[in-house]
Every structure is written in C-alpha cells, then in structure tokens.
Amino acid sequence: MSKQTILQVENLKVSFDVSSEGDMPWTKPKKLQAVNDISFTLNSGETLGIVGESGCGKSTLARAIVKMVPAEAGKVLWLGNDLLSLSNSETRQYRKQIQMIFQDPLASLNPRMNIGEIIAEPLRTHYPKTAESDVQSRVSDVMNKVGLLDNLVNRYPHEFSGGQCQRIGIARALILKPKLIICDEPVSALDVSIQAQVVNLLMDLQQEMDLALIFIAHDLSVVKHISTKIMVLYLGNMVELANSNEIYQYPRHPYTQALISAVPIPDPSIEKNKELILIEGDLPSPINPPSGCVFRTRCHKAQEICSIEKPEFIESSSSHSVACHFSD
Amino acid sequence: MAQNLSESGAGRSLWKDARLRFIQNKAATLSLFILILIVSFSFVGPYFAVWSYEQIDWNAMGSAARVGMPSIESGHYFGTDDLGRDLYSRVIQGTQISLMVGVLGASVAVIVGTLYGATSGYLGGKTDQIMMRIVDILMSIPYMFVLILLLVVFGRSIGMLFIGIGLLSWLDMSRIVRGQTLNLKNKEFIEAAKVTGVSDFKIITRHIVPNLLGIVAVYATLLVPGIILAESFISFLGLGVQEPSTSWGALIKEGAGTISYDTEWQLLFPLAFFVVSLFCFYFIGDGLRDALDPKER
Amino acid sequence: MSLLEVSNLKVRFETADGEVNAVNNVNFSLDEGKILAIVGESGSGKSQTVFAMTGLLDHNGYATGSVKFQGEEILNLSNKQLNKIRAEKIAMIFQDPMTSLNPYVRVSDQMTEVLVHHQGLSKSDALKQSISMLDAVRIPDASNRIRMYPHEFSGGMRQRVMIAMSLLCRPKLLIADEPTTALDVTVQAQIMQLLADLQKDFGMSIILITHDLGVVAGNSDDMLVMYGGEIMEIGKTESLYSKPTHPYTQGLMSAVPRLNDSEERLITIPGNPPNMMKPPEGCPFSPRCNYSNDKCSNVSPILSSVNKSGHYRACHVEVERIV
C-alpha cells in the first residue's frame, strides 16, 4: 500500500482556565497551557508513539485531535479536511474513521451492557438501518479477530480479566474499520505477559488492515517496539521527533537522553554498570512555565540564551527534529 | 477475577448479582414480604368487609366506646370510629389512598428528577448552573406553605395532592442524580461513546441513566415514606383528602382526637399500618443500597 | 544466621465465594545487607507474602508457617508485639505515597511521632533528626519543607518522605512494595538510585516487590519469581536473567519489550493470569506452559536446587529441555 498522509496536525494549542482555591468569583482565572504548538504528520499504516511524563500533555493532545477538548488554535487536517473548523454534525462522519482505546480496560466499558452490545454500538450508531443478523455477524467477526470466543457475546465486562477487557475495547474500535486508532496508555494497567499479547495483537491488526496508530504511553520500551516514529513531549512542548530506532540510538535533546537513560533495561550487566543521567528537581508548574525553553530549569546544558529565547523545532537530518539550542 | 468463560450462555449481569445480595438480606426480604401482604390486603380486604367505608352504623354512632369495639360478630373487625363508620374498611381505604399517593408521587418525582438532574449534570457549564440555581430557588420556598396554598386555591382533591407533593419532591432527586451524573460523566466508557459519535441523547439514555438506576431505586424507596408522611401531615392539618375518603393521616388524626375516650383502637389500627409500612420501606431502601453497592468485585 | 527466614508460609483468605489460597509454600531467606526482589504478576501473591510477615493481612486472611527475624518467630504475633518490631526493625513503604501519609497532618508531626513513640526522643530532638533524614533523602530546603502538608509535595517527593520516615529508626529490613510503580520513569530512576545509596550508608536489607523486570535487574542481588501464590524460581539475579531455568521466568524475560533490541514480535505467554478462587491442580503455571505434561497438571512441583549457589526452581520438566 502506498503511504498516504492521512493526518496532519499543525500548530495545535490547547489551554485551560484554572482558578486556584480561595479566588473570588470575579478573579480572572489563570491559563494552563497544556499543549503548546504541536505539529506532526502521520501516514497510513504508520505508528506515531508519543512519550512524556506526567503533565506533558500527551493525553490532552489525543483528546484535542478527536475534539473531546476544545483547541485554542491550530489545525487538525484529516484527509485534507480541518476537523477543528467543522461543526459537530459535520465531524460526526469522520468519527467512523478515527477511534480510540483507553487506559483502564474495565472502566472504558459500560458495566450495564453486555459485550455484544458494547461492540455493536458504533455500528448501530452510524448505520442504524443494518439488519440485526448482519450486526451479529460483524460482531462475531471482529471478536474472532481480536482473539475472543464469540460465544461470550452475552457476558458482562466485570466477568472478564483486564487483558480481555482491552481486547473488547479494541474490537469495539475496529468494527467500523477505521483508518486511525488513538491508543491512550492501552497497556499500562496490564501485566507484562498480557501487555505483550495486546501489543502483538495491535501490530498484527495494523498490518492486516493498514491501520495507523497513535500510541501514547510513558513506557518507552513498549512505545519503541510498536512505533515507526516517536515524539517526545515535555510540559506541552515537542522536544524531539524521530524514527524509533534513531531516537534510541542517537537522542539529541537532553531530556530525551535523560529519559532513555532512566528506562531500566532487564539486563543486570547493563543496568548495574549504567551511567545514569539524572534530572534533578521537579516539573515546573504549567501555569507558570519557565521563560524561553521550558526544560531549562532541569537541564544540565542550560545557558543564558535558554531563558531568553525559546528554541525552534528544527529538522536536522532525515526526519529527525529537535528543539534545543545545544542539541547533540 | 475472570471465571472460566469457555461455556457460552447468558452473562451474569450486575442486576442478577444485586438481586442475589438483596435476597440474602433478611430484614429487607422480610420487609418486602410484609409490604406485599399489606398491598394485597388493600385489594383483597374489601371482599371480607361487611360494612363499606362510609356507611354509618347507627347503633354505634355516638357511643363508640361502649358498642363500637372491634369484634367479629358485629362485622366491625377493627371497631368503629366516632360516627359509627367501620374502621376496617376505612383503614383499607386509607391504605389504598396513602400508598397510592406515596408510590405515584414518588414515581413523578423520580421521572422528573432523574431526567432533569441527568440532563443538567451531563450538559454542564452554564446550563447546569442555571438549572441547579432554579432547583435551589424552588427548594428555598417553604414547601408546606406552597402545598397548602395550592390545596386551598385549587380545592382539595387527590389529584392536587399528587401534583403538589410529586412536583415538589423531585428537587432532591434531581440533585442526587446530577451528582451521580457528574461522577459518571468522566468515566472512560462515556468518553468512548463520545469518540464513537453517539448522540448526547443516546449517551444520557443508554449509558448514564442505566448506571443511575441503582441510586435512583434506593432513593425512590426512601422517597415513598417521605411522601406518605407529608400527605399524613397535610391530612392531619385537615387539608388532605376529602371526606368520606380517608388516608392514614386523617385516620390517625381522628384517632388521636378521641384517645381519651377509651377508643384506643381508632388510633392503634391506622397507626400500626402506617408505622409498619414506613419501616418496611426504609428496610427495603437500606437493603437495596447494600445490594447495589458500587464496590462490586 | 540469616536476617530473615521464611518457611512454609501459607496465606489463605475466607471470602463470601469460598476460600482463596493466595500464598502456598513459600520458603526463602535473606541475609544482612542484601537486596531481594520478589517479582510476579497479578495473583502471584507477592504482596500478600509480605503483608503476612508484617501482620498487615486483611481480617479475613490467615497465615501459617514460620517467619523468623533475627532468629525469633514473628508470624502471627499480636499487634502490640508487632508494633515493637515495626519501624524499629522492619519498615515498609508502599506504592501510593499519597494514601500512606495522613493528608491532615503536617509532615513534621508525622515524622516526629515515629521517633517520640519508638525511641522516646523529645519533640525537639525528634524534629532535628527528622530534618536531617529529609536531607539524606535529598529533599531540598528540608527545614522549611518539613512543616508542609503531604499534598504540597510532588509524587516523587512524597515517596522520598515515605522513605525518610521508614528509615528514622534505622531498621534492619526495609520492605518496599512497588515503590516506584506510580511514578514517572525519571523520578523512578532518582528514587531507585536513592534507595541504593541509602542501602549502602545504612547497611540495611531490602525486599523489593515489583513487576518491573528492569528495576529488578539494576537493583537486586537475588530474586524470587512467584506465580499463582507459589515460588517458581529463586536465585541470584544475574543467573536468572542470563539463564532462566523455569518456563515462567523464561516466558517473562521474553515478553518484556527491551529498549536495546529490535525484535519484530514479542514472545508472549499465552493465556490469562490464574483465577485464585479456583487454582489449577498441580503446578499453577501448567495451563500456560509450553513444556507442561500430565504430571505438571496433577502434582505440585517442589523447589529443588539447580546448582550450589542458592538457585532453586519448582518444575517437573528437566532443566536441559528448558534452557
């Protein structure tokens, strides 16, 4: 299949108004910049991994793309159409093509519906005239695809394990044959052996259905395994974007370097002799981010220019971009 | 914990689990049984009655203390009141009226309150603020005062009683439902429905309301006694159902008034029904709450 | 004599649906100054093992067997007796520091309480020691920060406060139950580094419970792998990583995605974690094991030694077939 650009995000910004406790009702709320000027493209069949730690804005970014939270500025071009400029009813037709799976497998399923109904819901919502027998057979098909026995259709979510619930969520996302699935920390709540099953499943489905994935996680090892390219976020800003192998072997941003160094490798001989790049200090408040480069307060390379001028996100070689005055 | 799911078949829904837990609660099940008995009594009882509820037994009139005692031979199983009317039939009548007002009033409150609260909670923002402020304002109006006013202006009737009580009791329910909705709104399965493109209306009816039913059921069973009490108070004031129709409250009022004349049965029978029914509703409500506890496995 | 010797530890719970055997036949020992990692997934019983040791089981939990700390039996002691051991000899830190600290009480009060109660210090002495302990766990500006409330600290800071609190009485053994699971990876690296440094400074032993094989690799001398309430394999960390002799350990090592390698597919362990209500007969791992035979599903394997340096495994299948 030829690589076609399906998603193009341009200069996306999301902010929230927050009031502190003890404020008077008329006090102007402060602005929390959750996502600050993010741009990237995604082709069909590709996986974009988004990594970052708490407060980096990765979940907000995902939700802004599917219009679950309002964007302050920027464009989300899906097959050329800017989703952000469309009305709710106009956006609805695109919802068939972009689906989402969530972190808590059990909480993402309505406890009062059986899994047959849960999986069928997207189909019934967008194609209400589908005959009941067709609905049933499509539900069966997609359940088999994700490795669930179809005689389980009448069971309820709480009767399944975490890994099985996540498969149900994936089945629900697949039934409309979408082009993109956004995965928000889909394996963080699962055991290691089950994580591996779900990751493999996603990769198989991706190949089979030419599916694009946006995979958000804090576990860099899992992200690297499944992603074609990886974006690193810090406090709502993009700091680095590159192919997954490249970002592991040649990380150029100090934060990415520290992040990779911090990931524990399951190999005692490597771990015990590792040179750890420790970042000291705490995450700054997103309401009052540092001037210039947001990472400068914890960066061992920070100089005066870092507090004055925010570094631009520059593409260096073969689709490897960094935002740093002193990148390697 | 996942069971062995290799067998097919119907799943074990949360309602089934709740039913099992409810049955295990002895107090609640007993109360349910007693309540069913009382309700059946109000349907079946009239077939055993000798006198109707408004018929006057001229023998007993004015001399209830001497002649109007409960007895099987005279046909006055529960005795008579001061006017010589058969208390057995009047208690049946009172049971019918009071339970009807309670249950139907609670139903109105539940339906209106749930829809209002769920919509307000789900829509959020300014709409929610305005809707809840309206509720606040309505709640601050002295309830009894308004009810009495309505009854005086529009005349005393059962219908007016329903409307008055039902329309004012939905306020609490709407607050409770709104709170639960706010809680549910942030759950991931609601997000999933939104991303899929399910309409707001379907989200409220298919996803939010079924998950509210637990709380609603509990509070509804606690609302019924509250409404019965309100109606009884109104009747006690003399503004309740019109004679010769009667309710527990009216009967208790009459019975209390004659208590010094050695006619205890006039108070004790309606009071017993009243108290036992209320206790049953409270135990059932309690049992429902335990059975539907969200801390399920 | 080992610092800690656990023999035949069994934990069962009585629930409305029947009896759950959470832990079966756990045997291990820990020497002074060593770090033991206990690894397992959901239902493995790793947390219940240490809860049983420290008397923290739920009221419907029953522990049998023997737990000897410095030669003395501590299993099933009364709360009063256990309280003398807790904090002074054995300290514990948990996964979520927010719920381990009382949100209504200042950190200073929570810390000084430990010293006043266990070591009879005066309040001012206790405060001095608490501040110096906060310095030791690298909390900046400790003397001012100590007067704050828990919610005013970040997640990583709170975990440091927990560590500081647990070390106030210089315990011989620190049990850390998933101490970094809820933290970001860079914060995790800081905390694990801190624990390693403190371990050297204070000379204490650590039992580290986790499911993260990367954390185990860098921070333990020995490791114990649990599944379905039983020990599958136990030995030196290096040995288990380089040559796992149990199918489950092998499976885990293959299923973990590694940053430093580019396998196309992760090798998974098929099936689901065990249902502890109806545990399988025989070896708990047999339903998911590639090597299992009839004996495996009927007879529970016992720990047998693999070599002379304390490496044991519980498996019926010969080592040669697995390695």
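Each chain carries a letter (A, B and C) given by its place in the written order, and its residues are counted from 1.
Just so it is clear, a contact is a pair of C-beta atoms (placed from the backbone, for glycine too) under 8 Å apart; a residue touches a chain by one contact, two chains touch by 3 or more.
These figures come from a predicted structure and were not determined experimentally.
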{"item": "Inter-chain pair with the most contacting C-beta pairs", "value": "A-C"}
{"item": "Of all other chains, the one whose Cα centre sits farthest from chain B", "value": "C"}
{"item": "Intercentroid distance (Cα basis), chain B paired with chain A, Å", "value": "50"}
{"item": "Chain centre separation in whole Å, for chain C relative to chain B (CA means)", "value": "54"}
{"item": "Inter-chain centre distance, chain A versus chain C - centres from mean C-alpha coordinates, in Å", "value": "32"}
{"item": "Multi-chain contact sites of chain C, meaning residues that touch two or more partners", "value": "272"}
{"item": "Shared-contact residues (touching 2 or more other chains) in chain B", "value": "1-3"}
{"item": "Multi-partner residues of chain A (each touching 2 or more other chains)", "value": "161, 164"}
{"item": "For the chain B and chain A complex, residues of the former touching the latter", "value": "1-3, 5-14, 187-189, 191-199, 202, 206-207, 210-211, 296-297"}
{"item": "Residue ranges of chain C touching chain A (in the complex, touch as defined)", "value": "41-42, 154-157, 184-190, 192-193, 211-219, 237-238, 241, 251-253, 255-260, 262-263, 265-270, 272-273"}
{"item": "Residue ranges of chain A touching chain C (in the complex, touch as defined)", "value": "53-54, 161-164, 191-197, 199-200, 203, 218-222, 224-225, 245, 248, 258-272, 274, 276, 278-280, 282-283"}
{"item": "Complex contact set, residues of chain A against chain B", "value": "66, 68, 92, 95-96, 98-100, 102-104, 107-114, 121-122, 125-126, 149, 151-152, 154-156, 158-161, 164, 169, 172"}
